[in-house]
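Structures for review follow.
Below, chain A partners chain B and then partners chain C, in two separate complexes.
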Partner chain A sequence: MTPFLDMQIGDRVITLMAALVLVLQIAMVSQRWIVVHIRIFAAQSFFLAMIAATIAWYNHAPHIYIAAALTLVVKVILVPILFERLVERMEIHEEIEPIVNVPLSVLISGGLTLVGYVVAESFYKPGEPGLGHNMLAVAISLFLIGFFTMINRRKALTQVLALLSLENGLFLAAISLTYGMPLIVELGIFFDVLVAAMVLGILVYRIRETFESMDVSRLRRLRG
Partner chain B sequence: MTGQIIGRILESLAQLCLLLAIAPLVTGVIRALKARMQTRRGPGILQPYRDLYKLFRKGMVIPETASWIFAATPWIVFFSTVLAGLMIPMVAAEAPLGLFGGVLAVIYLLGLGRFFLALSGLDTGSSFGGLGSSREMTISALAEPAMMLAIFTVAIGAGSTSLTQIAGAAIGQNWRFLAPAQMFAFAALALVLIAETGRIPVDNPDTHLELTMIHEAMILEYSGPNLALVEWAASIKQLVLMTLLINCFWPIGLQPTWFGFGALQGIAWLLAKLLFLSCAIVLIETVNAKMRLFRVPELLAVAFTLGSLALISTFLF
Partner chain C sequence: MLLIALLLIPVAAAVASFFVRRREAMEVVNVAGFGIVFLAAVALAAQVMAAGTVLLCNGFFYVDALSALVILLTASVALVCSTYSIGYLRDDQQSGALGDDLTSIEQIAHLRMYYSLTPLLVFSMLFMAMANNLGVMWAAMEATTLASIFLVTFYGKVTSIEAAWKYAIIGGVGLSMALFGTLVTYYAGHSLAGSDALSGLNWSVLAQHAAQLDKTSMRLAFVLILLGYGTKAGLAPMHTWKPDAYSEAPVPSAAILSSALLNCALYCLIRFYILTSRCLGPEYPGHLLLLFGLLSMGISVPFILVQQNYRRLLAYHTIDHAGIMTTALGLGGALGSLGLMLHMAFHTIAKSLLFLCAGNVSQHFRTDLFSRIKGSVIGAMPLTGVVFLMAMLAIIGMPPFSLFQSEFLIVRAAFDGGHVLTGVLFVLFGTGVFAGALLHVGGMILGPKGDSPPAGPRPWRDGSLLALAVALVVIGFWIPAPLFELIRGAAKVVSGQ
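Right, the complex of A and B next:
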C-alpha cells in the first residue's frame, strides 16, 4: 500500500502537525515581540490548513479543501499582512508586557493543555476508527490557552491575536469532530474572521489615536 | 565469562580513547564553523588540542585561601565526566559500563561534577567565583527538571532507563521519531543541551566579560594543568550530552557491538551526526543574541513545559 493511502501514516502526520500547532500556541504565550507573534500566528494557521488538507485527502472530502484554501488565504496571508501594516503604521516598538510573568504563563499554558486532554478524554470512544482522534484535545487546549492569553495581555492588538488563535482552536475542533461542516457555514465563519480582523484593526487604531496607547486598562477614562 | 569481561574492558578502553580524542575536536569544529559563519577566519579546528598541550606544560598558581576542594575539583570533574561518557552508547548500542547504571547515573555523575565545580568557585573566596557558582546553580536547578521529564518520556517509550535498551528500542521503530511525544522530548532536551553546555542564548563560551560569564566565572582561578583538566572535562561533557541527544532520538548507524568492521562504520556515522548537530548549534549561536540572565528562566520554562507535554502525550497520543 502506498503511503498516500495508508490511514495509519495519515494519522501520524496529522498528530504531528496538531502537536506543532500546540507548540506554536505556547510559543505565542512566551513571545515578547509583536511582529514575531504575528508570524507565529501565520505559521500556526499554515499547519492548520495542512491538517485540513490532509483530512480532506484521506477522507475523500473535497469540500474540506476549500476550507483549507480559505484558511491559507485568510489567516496565513491576509490577516498577518493586515496586522503587520497596522503595526508599521502605529510604530509599535515596545515589547508585549503580559500581566503574569512569562515563565509562569508558559507553565500555566502547560497546565491548561493538561485540562484540555482531561476534558477531551470523556469525548473519546475507544475503538472508534478515524483520523487524528486526539485532535479534539489539542483543539480544547488551543481554546483554553487562547482565552488565557487574552486575559493575560494588556494591549488591544495582542488580545485580538489571541482571539484569532482561539478561533484556530474552534476550527480544529470543528474539523476533528465533523470532518468538515457544510460549506456555507465554513464560508460564513471565514468571512466573519476577516471582517472581525478588519473591524478590530480599525478599533485598535482608534483606541490608539484617542488614548495614545493600546493599553485597555486606560479605557476607564472618558474622552470626548 | 572471562571472555565477556575482557570484551567489556576492551570496549570501555576503545570508547575512552574515542571520548578523550574527539571531545576537543568537537569544540574546535564548533568554534571554526562559528568563525566562518561570522565571516572571521578564526583558529583552526585543532586549536583546542594545542591549548590543552600548552596548559599541561605550564606551572600553576593556587590561591592562598584555597582548601583541598580547589585541588581535588579538576580531578573529580574530569573523572565523573569520563565515567558518564562510558555509560552512554556512542558507537555500539551496548554502553560499555551500562551495567553500572542507566541514564539517571549519567545525569547525576554530570551533576556531581557540576556540584564540585560550584564548590571550588566558592572555595577561593573571590567574588567572581561565587557569582559564577550562584548563576550556574540557578540555571542547572531549572534545567534539570526539564531534562528529567524529557528523559523519562524516552525511558517510558523504551520501558527501561537503561541507555542500552533505550538505544535498542530507538533502532527498532522507524516512525517513532515522528510521534509528538518524541518530538517534544527532543525539543526539550535540545534546549537543555544549550543551557547545560553554556551555549549562546544562555551563556557565551568565548567571553571573559565579568557581567555575563557563568561557566568561565567559576573556573577563573584555575591555571595550568588544572585548567586544562577542567576545560577538557567541559568539552567531554558537551560531547556526552550531544551523543545522548543524537543516539536517543536518531540512532541511525548505531552498531550492535564494538567489534569487527562495523565499529569503523559506527564511528563514521557518529562523527557525521555530531557534525550535523554542531552545525545546528552554530546556526543557533549565530542567529541569536545572548539573553539577559533574568530571561534565561523563560527559556527553561519553555523547556520544562515541552518536557511535561512530552510526558503527557506519551500517555494520550
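Right, the complex of A and C next:
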C-alpha cells in the first residue's frame, strides 16, 4: 500500500504536526520580540492548514480543503502581513516583562497541556476509527495556553495574537471532533477572524497613538 | 421576501451613508431605512402569528415567535434611536463634542462612521435572530461586537479607547468560548441520523432530536455557551466591560447596546437552554442560570448604591436586568417564561428611554456626574426630567408601570416552583436597587433651580423621548392583543408547553 493511502502513516503525520503546533504555542509564551511572535503565529497557522489538508486527504472530505485554504490565506498570509506593517508603523518591537516570568510561564503551559489531555480523555471513545486522537488534547491545550498568554502579556498586540491562537485551538478542535464545521459556518468564522484582526489592529494603533504606549496595564482610568 | 428586505435595507442604508457627503442625507437614509425595517418587522411578526414558524431558503432562515419578538424589539429601538440621534449628533457637532479642532470634513467623517456602523450593527442583530444554523448565529453575534467597537471609540477620548479595548477583548474571549460551545453542540449531534454537514447545526433539526444528543457533550457545551453568551449579555462576573462601554459610546448607541443587543445575547442563551433542557432536563441548565442570574443581580446592588456617574448607573441597571432575565430563564416553566418575555419587551422600552434621557441631561449639563447636577434637571429641562424620573420608577419595578408586572410574575414563578431562596434573594436585591436608584436619580432631577439656563427646543430628541414614554405608560395598563399574543407565543417556544 502506498503511504498516501495508509491511515497509520496519516495518523503519524497528523500527530507530528499537532505536536509542532503545540510547541509553537509554547514558543509564543516565551517570546519577547513581537515580529518573531507574529511569525510563530503564522507558522502555527501553516501547520494547522496542513493538518486540515491531511485530514481532508485521508477522509476524502473535500470541504476541509476549503477550510485549509482559507486558513492559509487569512492566518498565514493576510493577518501576519497586516500585523507586521502595524509593528513597523508603531516602532515598538519588544515586549516588556510579562507578569509571570518566562520559565514559570513555560511550566504553567506544560501544566495546562496536561489539563488539556485530561479533558480530551472524556471525549475519547475506544475503538472509534479516526485520525489523530492527540489532536483534541492539543486543541484544548492551545485554547487554555492562549487564555493564559492573554492574561500574562501586557502589550495590546500580543494579546490580540493570543486571542487568535486561541481561535486556532478552536479550529483544531473542530477538525478533530467533527471534521470541521459546516462550510457556511466556516466561512462566517473566517470572515469574522479577518475583520476582527483588522478592527483590533486599528484599535491597537489608536491605543499606541493615544497613550504613547501599547502597554494595556496603563488603561486603568475607568473604575467602579 | 420580508426577511430579505429586513436584511438588505440596513446594509443598503450603511452603504448609502458611507458614500454620501452631506449630513442631512445620512440622517434621511438612516431614519427612512429603519422606518422600513420597523414596518417589515411588524409585518413579519404578523406573518409568524398568522402562519406559524417561517422557514426559508432551504431552512437557512428560521423565524418563530421568539425570533419575531426579538426582531420587532430590535427594529423599534433602532427606529427611535435613529430619530433621536439626528438631534443628538447635530448638538455634538455644534458644541464641538466630536473633537476640539476638527474641520467640517473631519466632522462629517465622524458622522459617517456613526451613520454607517449603526445600520451594520442592526443588520447583524437581525441576521442573528433569523439564522437557523447555530454557527451562523454565532458569526452574526461576533459581527455585532465588531460593528460596535468603533461606536464605542466614537469620541476618541482616552477613556473611550480604554472602554473599547475592554469591550473588544472581553467580548472576543467570551465569544470564542461560545464558539467552542457551539462546536461541542455540533459534536453532540453529529452522530444523529439525518444530520449531515449542511443541516447538522440547524436549530430546527437539533431541537427535534434534542433527546438523542450526546449528554456528556451537552453538559460541557452548555457551560461554555453560558460563559460565552453570558459575557455578551454582561452577566457577572464577566460584566466589567459594560459600564465602560455604555458610558463612553454615544447615547443612541448605548441605548441600542443596552436594550437590543442584550436581548440578542439572551436570545442565544435561550436557544441553547431549550436544547439543553430537552436533552438533560431543565434542572441542570436551570441551576446554572439561576446562579449567574442571582450573582449579577447581587453584584450590581453595591455598585448602584455608591455610583456617582448616572450613565454608569444605568449600565449597572442593565447588568441587574440581565440577571433578572437570566433568573427568569433559569426558573423556566410557563410562568417563568412568560415573565421573561414580558420583561424583555418592557425592559427594552424602559432602558432605551432611560439612556435617551441621560443623553439629554448629559448634553445640556456637559457632565455625567450626579454631584455636578444637583437637582437642577427639572428646572432646566422639565420634560426630560419628568420622563427620566418616570422611566426610573418604571425600571426599578414600581407599580403601576409594566416592569412591576413582569418582575412580580418572575417572583411568583420562583415561589411556585419551590425556589424559595431564589425568590427571597430576588426581592432583596430588587429592594437594594430600588433604594439606590431612587436616591441618586431623584436627587439629580428634583431640586431647586440651579444657575443652568433652560434648554432650548430639541424637537428630534424630545419627540423620540415622548414616543417611548407614551409606549412605556400605555403598555403598563394595556398591551395590544397581537403583541401579547406574540409574547405568549415566544414564551411557549421557551417553555415548550
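The definition used in the following text is that the second predicted complex is superposed on the first by the 217 of 224 C-alpha atoms of A that agree within 3 Å, B and C clash if a C-alpha of one lies under 4 Å from a C-alpha of the other, contacts with A are read in each partner's own complex, and residues count from 1 in each chain.
Following the convention adopted for this analysis, a contact is a pair of C-beta atoms (placed from the backbone, for glycine too) under 8 Å apart; a residue touches a chain by one contact, two chains touch by 3 or more.
Fair warning: this is a prediction, and the values are worked out from it, not measured in the lab.
When both complexes are overlaid on chain A, chain B and chain C end up sitting side by side without clashing.
In the superposed pair of complexes, A:23 makes contact with chain B only, with no contact to chain C.
Once both structures are fitted onto chain A, a short way to say it is that chain B and chain C open up an angle of 150° at chain A, using Cα centres and rounding to the nearest 10.
Legend: residue contacts after superposition of the two complexes on their common chain; A:106 is shown touching chain B, with no touch to chain C.
Applying the stated contact rule after C-alpha superposition, one finds that A:15 touches chain B and leaves chain C untouched. A simple residue count on chain A separates chain B from chain C, and the partner touching more is C. Of the two partner chains, chain B is the only one that A:117 touches; chain C does not reach it.
Once the two complexes are overlaid on the shared chain, A:134 sits against chain B while remaining clear of chain C. Remark: least CA distance from chain B to chain C after fitting both complexes onto chain A is 21 Å. No residue of chain A lies at the contact with chain B in one complex and also at the contact with chain C in the other.
Contact residues on chain C toward chain A in their complex (touch as defined above): 60, 133, 135-136, 138-140, 142-143, 146, 149-150, 153, 156, 158-159, 161-166, 168-169, 172-173, 176, 179-180, 183-184, 186-187, 190, 197-201, 216-217, 243-244, 247-248, 303, 306-308, 312. Contact residues of chain A toward chain C in the complex are 63, 122-123, 143, 147, 150, 156, 159, 163, 166-167, 170, 173-174, 177-178, 181-185, 188-189, 191-192, 195-196, 199-200, 202-203, 206-207, 210-211, 216, 219-222, 224.
Those residues of chain B that touch chain A in the complex are listed here as 175, 178-180, 183-184, 187, 297-298, 300-302, 304-306, 308-309, 312-313, 316-317. Contacts from chain A toward chain B in the complex involve residues 9, 12-13, 15-16, 18-19, 22-23, 26-27, 30, 102-104, 106-107, 109-110, 113-114, 117, 121, 134, 137.
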